[in-house]
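Take a look at these structures.
Shared between the two complexes below is chain A, which has chain B as its partner in the first and chain C in the second.
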Partner chain A sequence: MKKALIAEDEIDLLQALKTVLEGEGFSVTACKDGREAINMMQDSPPSLLITDLMMPRMSGLELIHEMRSRNELKEVPVIMISCADLPDGMRDEDIQSFLRKPFSVRKLLREVNRVLEGR
Partner chain B sequence: MSESNTFSDLDLRHKAADCIDNNLEPILSAWESEVRRNIPAARYQEKILLRNHLLPYLTSLSERLRSASVKSARDRNAQDQDFDASANEIHGRLRATLPGYSIEEVIDEYITLRQIVTDFIEKQNLLSQQVLEVICAVNEKAIMHAATQFSSSLQVLRQRAVSMLMHDIRNPLNVVSITAELVKAKSESQAKNMDTVLANAAKIDKMVTELLDAVKLQAGEGLELRFDHCDLHQTIKVATEGASLAYPGRIEVHFPDEPADGQFDTSGLARAVENLISNAIKYGDSEEKVLVELKVSPDFVTISVHNWGHPIDEKDQATIFVTFARSQDQEKNFREQGWGLGLAYVKAVAEGHGGEVKVDSSEKKGTTFSMILPRGLDSSADEGKSGS
Partner chain C sequence: MSEHHDLGRTGSSEEQPHRLISGIPRLDYILKGGFICNGLYALFGPPGSGKTILANQLCFNQIKERGSRCVYLTLLTESHGKLVSHLSSLSFFDLKHVGKELIYLSAYQHLRDNGVEGMLQLIQETARAEEPDILIIDGFESLADLSSSVSERREFIHRLQTLVSMNRCTTLLLSTATAAETRSVEEVMVDGALQLTDTIMGPRAVRELNVLKFRGSDYLRGKHEVEITSDGIQIHPRTEVQFSDPARQATETRSRMEFGVPELDEMLCGGIPSGSSMALLGPPGAGKTALGLSFLCRGAELGQRGMYFGFHESPPRLIEKAESIGLPLKKYVDQGLIEIVWQPPLERFLDSLAEQMLEELRHKFGDRPRLFVDSLEGFRAAVVYRDRLPLFIAALMNQLRTIDVTSLFAEELSLFGGGMEVAPASRELTDGPYSDLGRTVESALWLRYVALRSQFYRLISVMKMRESSYDTAAREFHISSRGVEVDSSYESAEAILSGYAVPRRDGNHHAQSRSNGRSGGGE
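So, the complex of A and B:
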């Protein structure tokens, strides 16, 4: 079963995204910030990470930099989601997709499939 | 006021300066009691926070009083007051971050300080006309610096607050739209209702994006434009689609036979054209068609949107592209006018492409907004910010 991890501090949105991905056959784990995401991923890297940009404790940007510095996590594909536009300084190789909120279910699933096919 | 003393004017000014230097703490204490009594916002502030940057004000005043030339001592534009200026500017800026302060209260604090200083000097019988003039000149300049900074800082804080709030709204908005899609997928009977929810969520998102753009434009930050080589036929088709569906038969589009390619930000231009069409429908004659036209020349493309109906007053044509500007007619009917952001956005997008936007409006010819954009085919237009 494909495993997805969602890092998002807005609980209702986290729950909605979880429902969408579970409906697509993913086994989904969820967390509220980048620090938790690192802890959850290090033993068992997911097939895909969906992360918010602005989160407490460790932001999405910090999370991605941390992941790319770790051998076991640097290949995990990332879809970044954010209320703001793509931040300056984000390199193309850092994330595989960026979705500005609000995005539709169709758009999310299209990006999930594209990112996973591109692996 | 001291007229009968035997000191020279310069002596008096020096002695007044001594009086200030020797009474810094009593002056500030008297001022503190007075503002705590009379200015509600000052009542519960900490002593340090309340007095910040007023000591440099007093020091600066005493230096001015000692100035050899009466003219430069009185001069409100003297160049030697940089420290005074920056201290007062910081004071104004910090007041903007304290709860409850209005611009009147910031000014009131300085006027109170002037009165207290004047009282101290008068009690020593040192208040000549010249001394009073210097006190007033320094006070007026301080007020000007502090009030200007207070006002611009408040504006920046408000813009930041609006910007943060608008960004944050996108989270619950996304919950609404995803949940509506999930319900729609599960329940056929609710599909129509959920489409209404989704359409309105999209409307809110559009308003949020427009407001965020307006805040950016007002702050002078310009728009982020991403340039690609593309043909505007497709961009115009996309931009007119929504309005053609909502107002069947009302939108007419004229395309040229040749390609209209160049270096453009298609999403910015599509939104600009949507704004122009939306205005043409809103303010134009509802019985007449709105004409969207794309024209090409070797170096430029022109996108124009024309409507018939009541023309835009000549005096309004000059200000119509300013953020939040509304014409006098529009002011009469708030509900019809929208945000007043659309045209400012159109102008920013046109200028971000190195082009311009023009309006031509009269009873005889109707109203035409034209965006004239360089195609940038031979130059290297790449990703950048608009210069607005």
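So, the complex of A and C:
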């Protein structure tokens, strides 16, 4: 079973994403900031990370930089979601997709499939 | 009032607290200089009253003007995506700052999982990491819901106040709490509390701002109108609390401002004293607009600038009307000597109308401008609280005097009743609409119709003129393609009022003369 980790501080969106991905057959774990995400991924890297950009304690940008510096996490594909634009200092290879909030389920699933097919 | 819109921090000495100037139109004026830096403020208001817009407007203004950093922490379940999407239609919003200088974070789940202690830790971590100048905590009512007791909430606010002050961060708590007992803790403990309301008054929905408390500074008390436009929140302080003081010093020597109708100017001993105000009273069609336009056109002819501030006729229609009575209004409008400020028939805000008028007169009209308001009914239609009108008018007149504007205010009397009566002062003039104006204006002209046999006649009288002599007799007047013409004596008026037609110099009886000649016209 494919495993997805969602890092998102907005609880309603987090729960909605979890429901959608579970409906698509993913085993989903969820957390509300970047620091929790790093801790959760250390033991068992997911097939896909969906992360918000602006989160307390550790932002999505810091999370990705931390992941890319670790051998066991640097290959995990990432979809970044945010109400802001893609941040400066983000390299093409850092993330595989970027979705501006609000987005539709159809668009999300299209990006999830595209990112995973590309692996 | 543009000086109130400047952004940045003011104050320099230890004694004078630094101010954080919000840049929200006229909020800083109400707060007499803006928020006090590093303070903790509460903004209460029901959903839809404008709290979120006000807070975001403050952030974007500070980012643009000072390069500030802001953190917007939500304790709500509202999505940031939707929030940003809704804000994006407002002119102050700029997506390029989101995620950089303005960070949106959600702390609802954190509060639920870790309680108020964890929430304080999160705020401290965020303050250390982001070093914000401004912190907004939106949905503060969630804290009341999730804290175990009032004392816990009180302790939280106390610690938050210390925390944000030490972090040099001005903080705004947004809450939907409306009941006094719910908000009392926040209100007592914060440095300042503001209340936004959104109330249905008859068919109108009215937003207002009331500053409940503000430590360390004076402020304008009471309710002030709030408007949400495509530029965000606009606040309109009550005119009567802004301009209640009369001018401290008299303006320079007064002159007389003519109507350009020689016989009328003669009745007024040369015209209206400059810097004073006059009421033009009369029923519909009596000639108020024609006289007001004559006043403006005469000023333009002498090189004095004038403003037509009207509610009824659109500019093209007004120009057409003026041209039909021989007034070259279009020429003066084209030359920039007369400006037509037309208020389309929409719901209006009383103080916003006064602001618009005064700002234009102050900044664009030079010395001794002339003003014609057509009519006071437009202001009356914008009133939410009827009791305010006399105070509002008095304050507006004070301010017009201060900036040396000579003003005419048309006031509609009813077609039947007061306006038709021969009696010099009907009940309508003492208890009716005119009573708002009558106490304040220095002078008044009364235009009326009088019916005699099969004809209506127009008469004009000077009802009052403070500190000036004037002709107390009524005179007949006419409106034609030659403009407004007032008879050179009171004789025809006396004939009409006494019910007897008298021979005129041309040998015709007065009534015959009218029916053969100068009838028609109108406003």
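One rule holds for everything that comes next: the second predicted complex is superposed on the first by the 119 of 119 C-alpha atoms of A that agree within 3 Å, B and C clash if a C-alpha of one lies under 4 Å from a C-alpha of the other, contacts with A are read in each partner's own complex, and residues count from 1 in each chain.
As a working rule, a contact is a pair of C-beta atoms (placed from the backbone, for glycine too) under 8 Å apart; a residue touches a chain by one contact, two chains touch by 3 or more.
From a predicted model like this one, the values you see are computed outputs, not experimental measurements.
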Once the two structures are overlaid on chain A, check if chain B and chain C clash or fit side by side. clash
Have a look at where A:Pro87 lands relative to chain B and chain C in the superposition and call it first, second, both or neither. second
Given the touch rule stated above, what does A:Lys32 touch, chain B (first), chain C (second), both, or neither? second
Looking at the overlay, what does A:Val20 touch: chain B (first), chain C (second), both, or neither? first
Partner chain in contact with A:Ser104 - chain B first, chain C second, else both or neither: first
Does chain B (first) or chain C (second) touch A:Gln42, or do both, or does neither? neither
Just chain B (first), just chain C (second), both, or neither: which does A:Leu53 touch? second
Mind checking 8-16, 62-70, 116-124 or 152-160? I need the stretch of chain B that runs into chain C in the superposition. 152-160
After overlaying the two complexes on chain A, where does the chain B footprint on chain A coincide with the chain C footprint? 10, 12-13, 83-85, 100-103
Spell out the part of chain A that touches chain C in their complex, as residue ranges. 9-14, 32, 53-57, 82-85, 87-88, 100-103
Considering the complex alone, what residue numbers of chain C touch chain A? 73-74, 77, 79-85, 95-96, 98-100, 103-110, 112, 122, 125-126, 129
Which residues, counting only chain A, touch chain B once they are in their complex? 10, 12-13, 16-17, 19-20, 23, 83-85, 100-106
Show me the residue ranges of chain B that touch chain A in the complex, using the header's touch definition. 167-168, 170-179, 181-182, 185, 201, 205, 224
